[in-house]
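For clarity, chains are labelled A, B and C in written order, and residue numbers in each chain start from 1.
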Amino acid sequence: MGATRIIPTLFRENGRNDLNALERQNGFDPLAEGQAMLRLIAELYPICRSITGDGLRETLRLLQRQIPLELREVPTGTQVFDWTVPKEWNIRDAYVKNAKGERVIDFQKSNLHVVNYSVPVRQRVGLAELKEHLFTLPKHPDWIPYRTSYYKESWGFCLSENQLVGMKDEEYEVCIDSTLEDGHLSYGEYFLPGEMRDEVLISCHACHPSLCNDNLSGIALAVSLAQRLKSIPRRYSYRFLFIPGTIGAITWLAKNEEKIANIKHGLVLTGVGDAGALHYKKSRKGTAEIDRAAAHVLKHCGQAHEILEFSPYGYDERQYCSPGINLSVGRLSRTPHGTFPEYHTSADNLEFVHADKLGGALAVSLEILSVLENNGTFVNSSPKCEPQLGKRGLYRMIGGTPDAGVSEMAMLWVLNQSDGENSLLDIAERSGMRFDAVSKTAKALEEHKLLR
Amino acid sequence: MGATRIIPTLFRENGRNDLNALERQNGFDPLAEGQAMLRLIAELYPICRSITGDGLRETLRLLQRQIPLELREVPTGTQVFDWTVPKEWNIRDAYVKNAKGERVIDFQKSNLHVVNYSVPVRQRVGLAELKEHLFTLPKHPDWIPYRTSYYKESWGFCLSENQLVGMKDEEYEVCIDSTLEDGHLSYGEYFLPGEMRDEVLISCHACHPSLCNDNLSGIALAVSLAQRLKSIPRRYSYRFLFIPGTIGAITWLAKNEEKIANIKHGLVLTGVGDAGALHYKKSRKGTAEIDRAAAHVLKHCGQAHEILEFSPYGYDERQYCSPGINLSVGRLSRTPHGTFPEYHTSADNLEFVHADKLGGALAVSLEILSVLENNGTFVNSSPKCEPQLGKRGLYRMIGGTPDAGVSEMAMLWVLNQSDGENSLLDIAERSGMRFDAVSKTAKALEEHKLLR
Amino acid sequence: MGATRIIPTLFRENGRNDLNALERQNGFDPLAEGQAMLRLIAELYPICRSITGDGLRETLRLLQRQIPLELREVPTGTQVFDWTVPKEWNIRDAYVKNAKGERVIDFQKSNLHVVNYSVPVRQRVGLAELKEHLFTLPKHPDWIPYRTSYYKESWGFCLSENQLVGMKDEEYEVCIDSTLEDGHLSYGEYFLPGEMRDEVLISCHACHPSLCNDNLSGIALAVSLAQRLKSIPRRYSYRFLFIPGTIGAITWLAKNEEKIANIKHGLVLTGVGDAGALHYKKSRKGTAEIDRAAAHVLKHCGQAHEILEFSPYGYDERQYCSPGINLSVGRLSRTPHGTFPEYHTSADNLEFVHADKLGGALAVSLEILSVLENNGTFVNSSPKCEPQLGKRGLYRMIGGTPDAGVSEMAMLWVLNQSDGENSLLDIAERSGMRFDAVSKTAKALEEHKLLR
C-alpha cells in the first residue's frame, strides 16, 4: 500500500451546527462543498422526475455537466428478474379548473399536484366524484402530499387541505395531459476505475419530483463524492448509479449480474441534507467492512449520529441486500425517511436542506471511503518482543515521564496487533484510536521496515 | 407445512389480572379453562399422594376421566440407573392422642400431618421424646409444614406451631397406620401421536399430598394441554407424563431409553397457579428451540414474566437435563419454588391458586407449542431483488404514503431472511415481530409460490 | 489430581482496609505477610538500582537471603532480538555545589537526584546552562521526579521545584562520578520445579532506584509467593524472574527461546502496595485461563478491584504479549502506573506502600495460582439422571425443607456440568459459586467414584 488515499479526517465539529469549528484540512471546506451541493439541488428542484420519462432524462443531462455520467436506456417490457420495465410516463400539463375556468389545482405551480404516473384524463366531474381522486394531508393543511401509482393505472391530484376546503360543490374540468406509452427506463452510470477491479458502489435514487432531501440531497452528495474521488489515487474502482428507485436498482442488477461479484462495498445515499443526526443503516450482513468502517467514522466524527440495524424496508438497499444479491451495502441518511412530517410532502423543499448538513455528510462519506481505501492487514517484521523504536528515532529519548506520547501508543498498538490476523480497522477498534491515526502509524512503521 | 397448527395468539392481557382484557379468539376462553383446571385441582386436593401407593393410583384414575391416560406399574426393587424403585407406601390413618384420648394431631384433618413415607408406629411416649418427631414452622404459626422421608426409614408428624404450643407435658399415644412393603411405583402416561415420530415431552409431578400449586396446578395444566392438543392437527407427537418427582422421571428414562432420542423438546409444568409472574427456566443447553420459543412467547404475551438460566436444582428438569440425557426440556412455573413462604406448607391450598393464572399459563403453553409446531425454514424462490408483490395483489396499490402496512413489513422480512439459513423463529427474533405474524405471512407467501 | 494444592480462600475483607476482618485460615496471616514484605522493601529502598550495575546486583544478592535465586550476567553488546545489551552503568557520587561549596543537589541524600544512566560529568557552569540539565515537578514542588536516559548518552539532575527556586544565578560545580562501560546486565532467576514441565512465570522488574510501589512492592510479592510455593505440593513448575524492565525481559526471552513453550500462564507483578483497588490487566489473548482465573478470584475476593483490557503499554507484559511471543501473561497491580501523582517521583516512598495492601495482593495472587493448580475437567461417571447422593451419605436425609444446603448445590452443579467439556473454572463461572467450593466438591465426588 502506497500513499494515503483520499483525505482522511476531513471534518470534525466541536458541537452540532458549529461551522466555525470545522477543520479545513487539505483545502477541504465542508461548508463550501455543501453550498455547491445546495446550488445543484436548487437547479434540479423544479424538474418533474418520475421512474421513467423526460424529467429523469433532463436531470441526468444536467448531472453530465458535473461528472461524465453515461445515460442508459432500457426499453419498456424488458424482463428484469421478477419485474418488467414499465411504460414510460411523460407529462406536459395538468389542472383542475372550476366553473369560472380558474385553475384551482395547477401542475405548473407544483409538480407534486399530480399523482405521479397518472394516466391521461380530460373530463368534467362534480366535486363528489372528483374527491375520489384528491389527496390531502389534513394534519398539515398547507402542505401538498406526494403520491405515485406506478404499477396500477389510475389518476389523481394532490393538494393542500386548505385548497380542498375552498373548493365549492360545482362542476370541474379535469385535465392531465400525460402519456403512458412504450418507451424506456433511463438511468445514469459513472464508473471510475481504480487500481483494483474490486468496486465500491454508490447508489442514489433520482425519481422523485420536487423533493429536496428525498432524492436531490443524495444525488448532490453522490456527485460531490465522484468529483473528489476522480482527482485522487484510488485503490478501489467506484461505480455511481443515479437510478429510479426500486425498478432502477432491479434493472441494473438484472442487466449486470456478471459485475455484482466485483462490488465489495456500497452505500445508498439519501436524505442527507436535513437538520437531523446522521444515521447509518447496516447492510443485511451486519458486520461487513463497510458497516464497521461507517460505525468507526461516525463514532469519531463529532457529529450527532446513530447506527441502525438492517431492516428490509427503506431505499434501494432493499434490492442490494436481497438474499440472492446480498451485497455489503449500507445506507447513509440523516433523519430516517418516514419519521419526519415533511417526508413525501411539499415541505421537503429547498428550506428543508442545509449546506452545512450536506457538507457534513460529504465529509463523513469521504472518511468512510478513506477507511476502506487505507484498510489492510500488516505483519510485524520484528514480532518477538517490541522492536527498539528509539534507535530508529521513533521514541522519546528521555524516559520516565508519566505520560507517553499518543503516537508511540499508536506504534505499540499497530506492532502488537499486526500478526497477520488483524486489519488496521480491527486495531483502531480494539485500541479505541481513530483509524487515520492507526493508518498513518502503519505507514510510518512500514517505511522503517517494521511492518510488511 | 400445511395449515397453522394449534391456535396461536390465544391470550393477551392489557395489564395484570385484567380478565376483561382477555381476547377470546377461536373460542378459547382462558378464564373458563382456568376455572375447569381449578375444579380438577379441588377434586384432587384431598388425596394423600406420595411417590408410590394408592393415593397416587387414585389420582391417576381420576385423571383417566379427563384423558385416556395409561397407568404403569414398576415393581419395588427395579434398578433404574443409579437408583432402585423403593417399597410402596400406604397409609390408612395416623394420630397423636393426649392423655384424655383426644386426637391432638389427626391425619384425617390434613394428610400433611404425617411425614410422608413414615414407617408404621404404635407406641406411647412422653412429650420430650415425641418432640423429636414433630415438625413446625415457627415463623408461620398457623401453617403445617410438608415433610418427607422417602429414602431413610423414619417417622414423624407435622403440625402448626400453635398446636405444638398447646401440647402439655403428658404421655401421648402415637399411631401411624401405614405400610411400607414391596409393591409398585405407579405413573400415568399419555401418548398423542402426530405426523412425525419427533416428540414433545410434557412432564409434571404427581407425588405431593394436599398441595395445590406444587403438583396439582401442573397436573391440571398438563391435562388441559392434552385435551386441547388431541382435537387439533399436530406435526409433533406429544408424550404426557404424570409421575412421582425424581424417582418417576428416572424410572421412565431408564425404562424407555430407546425413546429418548425422539424427544426434541419438552416442558416441565409446575407451580403455575399462584399470583406471581410467569417464569421460564431454560434447558441445560440454554439456546434450544424450546428456550427460544418460550422467551419469544413470554416477551410478547402481555403477562409479567421472567427468564431463568438453567440450574441443576428444581423439578424433573434435573433428570431430563442431566449430562447423559441432556434433553431440550425447560420448565414453566409462576413464582419459583422455595421463594414464597407458602411453598411446601398447608398454605399452598385452594386459595393459593387462581383460575385466571392457570388460564394464563395454559395460553402461554399453547403459544409455545404453537411456535414449535409452526416453526420451519423456508427458501425464497425469487431471491434476486424483491419479488413484485403488487402484481400478486400482495401490496398496496397507491405508493407514497409515509407508513407501509405491517403485513407488507412481515412479507419483506420473511422474503429477505428466507435464504435457507433462518427459521421463522429466527426471523421473528430479528424483526421484533410476533412469531404468529411471521408464520401467517410465510404461509401466504408459500401459497403465492414465493417461498418453498 | 491429588490433594488440593496451595491454600485457596486465604483472604477476605469484609470491607476495605479492615484488617480485623481478615480470615486467618491455615495459619496464613495476610497482614503479617504484608509486614514482612514491607520490611524487605525497607531494606531494598536505599539502593540505587538501574537496568545494569552494582545496585541491581546488590539487590539480587539481598534477595538470595530470602530465596535461592540464581544471579545471571549477560555481557554488554549481546544481541537480544532487535536490541543490544547496553553498557553497564555505575555511580559512586554526584552533586551540584554552589559558589560557597555547599552541595545544593546531593546524590547522597536521594539517588533520584541523578538522571539514571547519566554519563560522568565534572565541570563548572552558570545557572542558565545548568538548568538545561535540571528536571523538577512544578505541580508538586516538594517532590523529586525520577528520570532515566538509558539509550541516549546524556546527563542531568532531578530536584524539587522548591530547591530549584532557591538556586541563585551563580557558578556551580557539577560532578557525576559515574561510569558507563562494557560490563554486564544482571538478573535473578529462581526455578521451582513441580509435577509437570508446564510452567507459571512470575516476573517483576528490579531496575528502579528508591521507588517503593514501582518495583519494590512487586519484588516483595514475588519473593513471598516463592517462599510459600516452595513448601507446598505443586502441579506446575514456577519460574520467578527479577529483571531490569524491558531489556531484561527481552534478554531472558531471547536467551531462553526453547523454554517459552513451557510457559502456560504468567503474571507480571508491580505496584501492589498502594492504597488503591486491585487491577488485573488481561493478557493479549484476553480469554486465557489466567485471565479467567484472575477475574474469578477478584470477583469473589471481597477487595475493591477492576479488570483492565489488554493494551500494549505498561510493564514487561509488553514483551511477553508481543505478537511473536504471545504468552498468557497478565499483570496484577493496584492503582495503574501513570494514573497517580506519586508515580515516578520521590513520593513513591515507604509511606506510600502498606502492609495490609501487600498482604491482600499476596492472598489474591495465591488464590489465582490455586485456581490454576486445581482446575481440571472431570467426567460424571453416572451421567444418566442424577446419581443417588443419599445412599452415599452425600445428601440430607429428611426432604421437604425449603432450602437445600449449598454443598448439595455444588454437587449438583459439578455433576451436571462434568460432561468432559467443562472445566471446574467453567463450572464456577456458570454456577456463580467460588472456585474453591467447586474444587472441593469435585474432590469429594471423585472420592465417591462419581467423577473421574
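Quick note on the criterion: a residue touches a chain if its C-beta (ideal position, glycine included) is under 8 Å from a C-beta of that chain, and two chains touch if they have at least 3 such contacts.
Computed from a predicted structure; not experimentally measured.
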- Message: Do subunit B and subunit C, two copies of one chain sequence, contact each other through the same residue numbers, with over half in common, or through different ones?
- Response: different
- Size of the rotation, in steps of 5 degrees, that lays the CA trace of subunit A over subunit C: 120
- Message: Just the number, please: Cα centre separation of subunit B and subunit C in whole Å.
- Response: 54
- Task: Would you pick out the residues of subunit A that each touch at least 2 other chains?
- Result: none
- Message: For the complex, give me every residue of subunit A touching subunit C.
- Response: 380, 382-388, 390-391, 397-404, 409, 412-413, 415-419, 431
- Inside the complex, what are the residues of subunit B that reach subunit C? 81-83, 115-116, 145-152, 154, 246, 249-250, 253-254, 284, 311-313, 318-319, 321-326, 338, 343-344
